[in-house]
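Below you'll find the structure, written out as structure tokens, and then a few comments.
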Amino acid sequence: MKRIGMLTSGGDCQSLNAAMRGVVKGLSGFYKDFEIYGFQDGYKGLMYQNYKVMSPKDFSGILTLGGTILGTSRQPFKLMGTPDEKGQDKVKLMMDTYKKLKLDALVVLGGNGTHKTANLLSEKGLNVVTLPKTIDNDIWGTDMTFGFQSAVDIATNALDCIHTTAASHNRVFIVELMGHKVGWVALHAGIAGGADVILLPEIPYDIDKVIQCIEKRTKEGKRFSILAVAEGAISKEDAALSKKQLKAKRLNSPYPSAAYEIADKIKEKTGQEIRVTVPGHTQRGGGPCAYDRAISSRLGAAAAELIHKEQYGYMVALRDGKVVPVPLSEVAGKLKVVTPDDPMIHEGKVLGISFGDE
Amino acid sequence: MKRIGMLTSGGDCQSLNAAMRGVVKGLSGFYKDFEIYGFQDGYKGLMYQNYKVMSPKDFSGILTLGGTILGTSRQPFKLMGTPDEKGQDKVKLMMDTYKKLKLDALVVLGGNGTHKTANLLSEKGLNVVTLPKTIDNDIWGTDMTFGFQSAVDIATNALDCIHTTAASHNRVFIVELMGHKVGWVALHAGIAGGADVILLPEIPYDIDKVIQCIEKRTKEGKRFSILAVAEGAISKEDAALSKKQLKAKRLNSPYPSAAYEIADKIKEKTGQEIRVTVPGHTQRGGGPCAYDRAISSRLGAAAAELIHKEQYGYMVALRDGKVVPVPLSEVAGKLKVVTPDDPMIHEGKVLGISFGDE
Amino acid sequence: MKRIGMLTSGGDCQSLNAAMRGVVKGLSGFYKDFEIYGFQDGYKGLMYQNYKVMSPKDFSGILTLGGTILGTSRQPFKLMGTPDEKGQDKVKLMMDTYKKLKLDALVVLGGNGTHKTANLLSEKGLNVVTLPKTIDNDIWGTDMTFGFQSAVDIATNALDCIHTTAASHNRVFIVELMGHKVGWVALHAGIAGGADVILLPEIPYDIDKVIQCIEKRTKEGKRFSILAVAEGAISKEDAALSKKQLKAKRLNSPYPSAAYEIADKIKEKTGQEIRVTVPGHTQRGGGPCAYDRAISSRLGAAAAELIHKEQYGYMVALRDGKVVPVPLSEVAGKLKVVTPDDPMIHEGKVLGISFGDE
Amino acid sequence: MKRIGMLTSGGDCQSLNAAMRGVVKGLSGFYKDFEIYGFQDGYKGLMYQNYKVMSPKDFSGILTLGGTILGTSRQPFKLMGTPDEKGQDKVKLMMDTYKKLKLDALVVLGGNGTHKTANLLSEKGLNVVTLPKTIDNDIWGTDMTFGFQSAVDIATNALDCIHTTAASHNRVFIVELMGHKVGWVALHAGIAGGADVILLPEIPYDIDKVIQCIEKRTKEGKRFSILAVAEGAISKEDAALSKKQLKAKRLNSPYPSAAYEIADKIKEKTGQEIRVTVPGHTQRGGGPCAYDRAISSRLGAAAAELIHKEQYGYMVALRDGKVVPVPLSEVAGKLKVVTPDDPMIHEGKVLGISFGDE
């Protein structure tokens, strides 16, 4: 009898259930007899022994289901070193649960923060295998995370909806897209959705360049302009500030988010009214797209295979279309950002898209 | 040779193009020879003779296209009596264009404000036929406007997306839905999307009742609560204010919209964090749903038939599944609101939904 | 403690789960204590006591889920009078189960065949309440059945997909749509999807009229023609046959279905190649659309209310936008067909659509 | 003034318009002055000088539009060497048009057959740049073709719809998917859609293995089985036949396509009824998905850049996420098939999917 722990941690995304189904389908082939210990709400469930013993049947029919049947919670790595409310060592709590339940392995689905903790647990000797989930696509070591394409689909659909209304009304629209500290969703959805301007955290914008682009379009007789703005988009002025200065500035900002500040700046300088749309959490909700379901199933199968081969301490990753194991130690603590020399930036510029930098 | 003017006015919505295609398909059957004078950007185009002479071919292939190929603009009725920037009488300008172009009829697609103006033009002797468009479904005299079901689909989809993320995270979410001064979109999408609370302009809410509902769900072990809030939702306190007082209060409000104020109130009283999502203008964008395409095609056909029969001064309306002409004089100036005795309110309460009133 | 039986019978459709959720949500409000006896696979489960005792929790989270969590099977009424394989009386078997389990009421979700049986059980004294489900929309006594609009959405989407490929390739396409013996799906989807020809069982077609329509379009320079053909579409010649003759002809037919025969006839007379697409069972699959979810939730609530008021022997129906109870005796054995004087037929003809009859 | 010819050839697919828009957006950045010669219906338009002179405006707003605004036709390479109906040399006709119009370059969007011809024209000295379009994803030299993911989305959606109805009814379903002679669509959609069996042209199936898989599922208490069958799927027996024998066999086959034959075989051996669904041409219709819109825009930009750099004789391809030029001579005449050692086959087997081979 094999005992496999499983948990989903960090912000939820599409295809978590599909990925877990993949792992369990794979395990079903390798083992006649096994139990899944499904920890509730991420690492919390592992710390406080909040779990359900589950069988393959529990993971049947969830391929298309949004969210995560295990629940999740944000559990930042920086808290790992500090005791919990009762003064207990969090890592020790997790290891105690693992040992008490005599787990053979722990499957962890999560994003960047989650991987730091997973690496720590692996270094402490637990048999950990992870899967890269996040709509942000910012996990180092994999070309693609599941959840990302589903989020891009929703973001692109929002841009499509805004296009028809913008075109009908002669308007400038800003659509603020998710992505945390990176611009992958805005970059992909912006190109797919035909945005005229794309602003990313990785390429600080000059508001005058943005306005130039809008005014150029107006001169050319275009009835509207659409800006796809990542939630982490930052101006050149702000990018020059120290972290401390920036934090202080943001605390005092009257704007709920980046898009509103940009809208105000454009309005101020042009007198034109700007509409802001924030699809927000809808981008991480609903069922996964076919692409995500395929890659998360594949990653799940690979994770099961690693367990069967007793190869621990790895994240299963997608590289050049193939699934490969990447050591957790290489993944933890790094961020995959859009670099200014990313081919999509160049291609975007060839397509006439302004990134607000030139 | 028949000369038919056509314009779309007010906020855009889905199925405007499908409706115009319907009108033109119908006219093609009735007349061998006719021209469409497509006025640009609503009544503005009629006032300032900004139009294109169009043929049936121009309306081909637009059945699924979002927005309006004629463009639109908001042109409130209250401005009708006042001169334009150059001191010209707006109604006279429109009538002059109509006469100058020797139009046989004018087809107007619009919402409430649009219908006031259309009725005025009809009273002045123009041959006007109108079609009821709006995502708000608030036009008096018709059971259904086109655009409404498409908006409900998008709003429901937003609720679906939020459901999976709310369930995964143990959260309370507010989704603010469009509808102008009425609650039709929030009511239909709220029921279709399984909202736990629905707040409408027509049923002022008691924040304590809303909180009770959320707390009851928490006690029952439900992991989340979803509130579908119409953009016009109003508290009992605010509903008791005079129009003037309310306007003043809103001018000083720090909240971008209703949902944010409600979120703050709940947070204040319960300490719980509330997430707000505002799908906004996406609700009026993108292609029309099958339902809207069917009814707008039918309404378009009926409008063409009215023109052929030279029956003017009517809006084509849907009543009990049939298309009927309704005199513009009956439509103009009225608003179709949700009444507290609407069967859907009762049914919603049977389903356990709180409307914040009891 | 109330004991409520529930079953879904006949071909599955979208929104069955949403409707059952509605019933159970309603019952939860009326009764502190109740059990749902969920019979598996339709009347079969009732006959052979194959059921699960279920609680409201089992019906939670299924609003958007396609199919039916209870399973279903086709159980034609004509078999009611005959004994089962073991020689047992089927109606007696069902009544025995009902009595043995001391049920207070039986909720039945089904189509035409299902309603005949439900009426019979009601006449025998069981407390029956029914809900009208079918993608065919052919249940007498209600304006709308749930499942219908979802099927129309899928059928319309198929027409949309075919439109782009037909237009690119200069082709004639036939899309065969579901609807059993009636043409509602083909009529609504045909209008919503911009079909050039719509063939319905209720309006026997003259193949020469169909060909004339295609040739007229070709002459006008149109690159393609799309035919929306109901699976039950019938030629004037076949409509003139006796039932027996028709059955014999169909047994010997080389065509898998109506669309293929029509394609061959057109090809034979025009030499043009025709492509056939049969979306088939996809039309009854997948999650329900917002419209169906709203009406099935409302109907479910009304069914719960009837039980609470102990008003039995009724189907909850939608009439002119309102939910009303209709006696089962009025519903059973009747079929709601498209009549040639249905306003949508006239409107379709105004739009230039050929129904193959003139 | 630059003169750029453009044509789309072969079966249509999604994102052709998006790709052409990308090319034209790119050209707009590189050249102040240029004309697009849009040849109608593929190489036919080039042969017979059927074209429109187009400007960037004509390619505006078509990012989401399905099909191709230029029209297309199938023009197999094998006919290249033979004269046309009037005895004219086809290649010469095309070259004459190119020269007569003084074209600077010819942009060709097409699949395998199209690339053979494009390579020939390039060898003859025309300045040719191509883009890889096809839902089949079988073009050698590129990891991905546009159209493919959109087709996979539609195919997966069909599988999803069938899943709910299969589960409700205890049934075996076969869904036949497109892909011409290769199995990419069936492989990706099969995994994404949770198929139990996937049959591909590249892996000849043993019907007994397929039946074993279905029977194993039934024994395990699964209510249904879903088979994703590529239109080119072939049995081991048929794969052993010579081309001539196979052709003869297919000519005499009573089955419209592969899926029906497999259904009959299973029925014959098990007595179980099997339902077949053929989404057919819907898989190449409708608007492109976000993924295809992003890659086709990128490829379009790259094609424009090649023209600007006067680098001719290349197809723009996607390799490991980057856009690279691949010599036409390397592409022409080759087919990218699924190989039995493709990682997705192995992963599929780990997931418990049967490929009918073991």
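All chains are identified by letter, namely A, B, C and D, in their written order; residue positions are counted from 1 within each chain.
One rule holds for everything that comes next: a residue touches a chain if its C-beta (ideal position, glycine included) is under 8 Å from a C-beta of that chain, and two chains touch if they have at least 3 such contacts.
Note that the structure is a prediction, hence the values are computed from the model and not measured.
Taking the CA centroid of chain B as reference, the farthest chain centroid is that of D. Chain C has its Cα centroid 41 Å from the Cα centroid of chain A. Averaged C-alpha coordinates put the centre of chain B at 31 Å from the centre of chain C.
Residue positions 157, 160, 167 of chain C are each in touch with at least two other chains.
Pairs of chains in mutual contact: A-B, A-D, B-C, C-D. The residues of chain D lying in touch with chain A in their complex are 22, 25-26, 28-29, 61, 63-64, 143, 149, 152-153, 155-157, 160, 167, 188-189, 191-194, 289-291, 293-294, 297-298, 300-302, 304-305, 320-323, 343-344, 347-352. Contact residues on chain C toward chain D in their complex (touch as defined above): 8, 11-12, 14, 16, 41, 65-68, 71-73, 154, 157-158, 160-165, 167-170, 173, 223, 256, 275-287.
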